[in-house]
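Before anything else, here is the set of structures, which you'll find just below.
You will see two complexes here that share chain A, one where it goes with chain B and one where it goes with chain C.
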Partner chain A sequence: MVIDDALISKLEKLSRLELREEEKVKVKEDLNKMLGMFDKLNEVDTNDVEPLRYVLDEHSSAIRDDVVGEELDNHKALQNAEESKKPFFVVPKFLKK
Partner chain B sequence: MNPGRSLIAIQEKIKSGNFTISDLVQYYLERIEGAKHLNAYLEVFADEAITKAKILDEKLKNQPDQCGKLIGAVISIKDVICYEGHKVSASSKILNGFESLYSATAVQRLLDEDVIIIGRTNCDEFAMGSGNENSAYGPVINGVGENRVPGGSSGGAAVSVQMDTCLAALGSETGGSIRQPAAFTGIYGLKPSYGRVSRYGLIAYGSSFDQIGVFSHDVKTMASLLEIIAGNDPMDATSSTTPAGKYDFADTRGPQKIAYIDDVLNHPSISPDVKSATLKTIADLESRGHELVPVNFDFLDHVVATYYILTTAEASSNLGRYDGIRYGHRSKEAKDIHELYIKSRSEGFGDEVKRRIMMGAFVLSVGYYDAYFTKAQKVRRLIKEEIENIFSTFALILMPTTPDVAWKLNDKSADPLKEYLADIYTVIANLAGIPALSFPVSQSDNGMPIGMQLMAPQFKERDLLNFVETLH
Partner chain C sequence: MVQYQTVVGLEVHIQMNTYSKAFCGDALSFGAEPNTHVSTISLAHPGTLPKPNKEHINKGLKLALSLNSEVNKVNAFDRKHYYYADSPKAYQITQDRLPICVGGALEIELADGSKKNVRIHHMHMEEDAGKTIHDIDTQYSMVDLNRAGTPLLELVTEPDLNSGDEVLAFIAQLQQLVRYLGISDGDMEKGSLRCDVNISVNPVGSKILGERCEVKNVNSKKNAKAAVLYESQRQIALLEKGLTFNKQTLHFDPESGRTSPMRDKEDADDYRYFPDPDLPPIRISQSEIDEIQELLPALPWEVKKKMKEQVKLNEYDSTILSSDKKIADYFFNLLEQKANPKLLANLMINKILPHLNGKEMSSIEIEEDVIISFLSLIENEKVSPSTAYQKLWPALIDNPSKPPKDLAQSLGILQIKDDGIISKIIEEVISENSVQAEEYRKGKKKVFGFLIGQAMRKSKGSAAPDVVKKALMDALHN
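Coming up: the complex of A and B.
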């Protein structure tokens, strides 16, 4: 498996990132090195092994009761936004007429 | 003034009138000023610490029975841990100017016991790195040795304790980010079991790995802090409901059976200095009556790959929230909403973060998901089972914390793979979700600190702390 230019463009799209040309060259090289390391896992026989998704054995009682608790008020929620107009976040227009 | 480096000593001296908490804060602020060139702090909460010290001095005088258990403890927090009304940036440009709307549960519990937080410490951007060279605010420098990294990602936290600018520090670990800098700076560092400390208010990197932990100069101070921050939190569904209990030192068990992994000593990555320090530690433990037994561990050459597949995948998902809309950097160049996402992220994230997000997107993408992500989840199970199997016979596992001592600045930053491979001994505890404690043992020929780590079964923090306390 080799990561080529086409795959780099695809990963940029999936990641919502846009790399400069010189960045692309370096990232391609680095990701291919990482992939070489990842391929070592093919040595491990994982037939009949269940994937481990959660490291604790406790499964129950993890979810809180669905009751309304202390929420962020509108003023606080907007406080860190670069652009807002009470009570909303402002974004560029995305609906075309 | 020399306040000492343990909570017990400091509390006694305050009580007997040797110095006040205000004197103590003044002392630390001067130490911070003196260590400024090491770039450990991103922000010092000086005025606030002085004000709070005055209030606590009054409280001690007028209502001594109302004082919190940790009064006199002055700590730093890593810049990935939220503290209401204070800035937090994950050492990233993308969170420049962001202010926490609430405090992390760990922080709130410490504040409730009268801890003073003196500042927030520099780290690798979004805790991604092993040398603290990936910060948007410049690298942190190790207080020992010239131009050496302090380790990462909690490099600033480690140096803040190393240089006696505070009593202890909160850091965080995903794959060794507390233990490795603790070893590189010659102090103690503890990563608790996954789920032991609430992650509420900890900026997420790899959610099935992340844990908040403690740096200190001694085990008892570490235990006092852990006892307060440990335990279930309704705000973190992954925090364990198993009671944490008390981390006291009443354990009187005698000799222990301790495993060490034979392959570690013969691994090509281990330096001669670290190898001889490990052998010396084994001999020292044996001379204290413990039984040290070499065991096999089949996955030493697979742990780093497993760790990086799973954490990059989790990171690519977790960091999707930085879109420039609700918080964080927003690009001025964007013409539409799609461009706003892309440009805000591309301008805000640093190289290492971009690399990990893209790698994570790859291992999760259609066509590669099973071959990489699911495969790594399966290997993670095998690793966890093999570790548990060792614990069916042994109380603890001993291992060097790192294959080598702290490297020189810029030595590994050009080749990320080299840096990743240095995580080989630390990621095991994170993959298995178990507690691990790094403690200083000796120095290399060139004077750099060497640390060993002991790992214990899940939630056996008390056993671990008790054992390490017997070693000095």
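Coming up: the complex of A and C.
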């Protein structure tokens, strides 16, 4: 995989980040290093190895019973929001998806 | 001229009717005050951890088993990333690589009685998003996160559907199934069941599928059918003109009956799926599967078959009485109490269901034993069927706790079949109308009707006409 300007710009878009020119250079360098590491890992033949999805794979997952637990009231729910208009969180107006 | 075939696959989102959300204890709360059923988990506060809901899994298994879908005994959650205000985590917890089940089929029945097997590709568990509202403020979009985290099952079909009618039949059958299973209210108006409809057209005989367009979030069976009709015609028209078109995501407008593009699939979202590190895989044992299998109720098509084959009801009656599980349960329950099947079916279809007018079966104010006595009055010919429907039923609605026999008595509609009583009436009629009786005996046969009328009047209309007729005939010929 080649880390080029087009890919950087796609990643910026996906992560809603705007990088300055010098940051782009740095990110490009970092990503290339990371991919290098994966290339190294790829040298190992894993054809007969089951993928490990989860480190505690042997443990059964913690599952809840279907009961209603503690909720936040509207006041508390909105408290950490940057902007709100009771009883809603608000975001800048955008077109419908 | 080239003939085209419409090819449709569905993605159906079904909201589970659990008490709490998929990964936290917030209550499910359709129509509640905005942002009152939320928690640090559904609001994605840092450091919080999701925990799967046992009933989400169990309800998923119920649907899987009823569709003969193969359960993945190890299934797992993945993150699907997208950035939108309805999801504070900026990803949705879903199942990508290892869904809860794979394969299976649902048989649908079309209006002409023909049947079709629609294959299921797979079904996965995921969580619903919150709601964004754009029309109450000029400056802001409002966000309500009560729905965020509601447990969903997404069912994905193979592209086995070939018309709007088939799509409609499939959704209706699935809706009936989830209601029978008690896993979802299946209410499309409320959004408990929502459909993405993937439509393409291809020349008949060709194996190559045309470019596919996806109509998002269709919210009624009628709209799904209309979207298929409109979209297949639109695509055929383009192909006829020799034009090509891209994969598209479309919105269906029920007002105009048209579709319009939301965004080109060309610039497809990159969801960057990866295993959710917060959620260990779900492991399901064979004994858990067996347990769920045991709990499965009779499925709608099994119930209908039983009504037709064992109870000998006709197609129409069986369809109506099996349409809703509570209606079917009521029917079988009264059968067990020795109700006459055909009379009960008639009463339910012509009187009880119209009376309930869409309300739940359980809201009927007349006790079961009262219904049984009502039916036995008809069966034992104490009240004629037409009189029972026209007079006794309305009286029973007004006095639901009174014994039907007493009501019939006070209405004077109990049929008298007692030979003793009737022959006494006939005797009186003949002696009071000796002139006419004599005329009859001399051959003036049409006087018979007059004498019958007199006898019926004397019995206040409650004598059984066939018995009166026979008794009068006997008396006049003696």
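Observations on the model:
Methods note: the second predicted complex is superposed on the first by the 89 of 97 C-alpha atoms of A that agree within 3 Å, B and C clash if a C-alpha of one lies under 4 Å from a C-alpha of the other, contacts with A are read in each partner's own complex, and residues count from 1 in each chain.
Note that in this section a contact is a pair of C-beta atoms (placed from the backbone, for glycine too) under 8 Å apart; a residue touches a chain by one contact, two chains touch by 3 or more.
Keep in mind that this is a model prediction, so the values were computed, not measured.
By the touch criterion defined above, A:71 reaches chain C but does not reach chain B.
Of the two partner chains placed by the overlay, only chain B lies in contact with A:27; chain C stays clear of it. Looking at the shared chain after the overlay, A:91 reaches both chain B and chain C. In the superposition on chain A, contact is made by A:54 with both chain B and chain C. Partner contacting the larger number of chain A residues, of chain B and chain C: B. In the superposed model, A:63 lies in contact with both chain B and chain C. By the touch criterion defined above, A:37 lies against chain B but remains apart from chain C after alignment on the C-alpha atoms of chain A.
Shared interface residues of chain A, touching chain B in one complex and chain C in the other, are 10, 14, 16, 53-54, 56, 61-64, 72, 77, 80, 83, 89, 91-94. Residues 3, 7-8, 10-12, 14-19, 23, 26-27, 30-31, 33-34, 37-38, 40-44, 46, 49-56, 58, 61-64, 72, 76-77, 79-83, 89, 91-94 of chain A are the ones touching chain B in the complex. Listing the residues of chain B that touch chain A in their complex gives 97-99, 101, 194-195, 208, 234, 237-238, 240-242, 299, 301-302, 304-306, 308-309, 316, 320, 323-330, 334-338, 340-343, 345-346, 349, 351, 354-355, 357-359, 361-363, 365, 372, 374-382, 384, 415-417, 420, 432-433, 458. Here chain A touches chain C in the complex through residues 10, 14, 16, 53-54, 56-57, 59-74, 77-78, 80, 83, 85, 87-94, 96-97, going by the rule given at the top.
Residues of chain C touching chain A in their complex: 18-20, 24-27, 33-40, 43, 45, 51-57, 76, 81, 83-85, 98, 132-134, 137-145, 262, 270, 272, 275, 277, 279-283.
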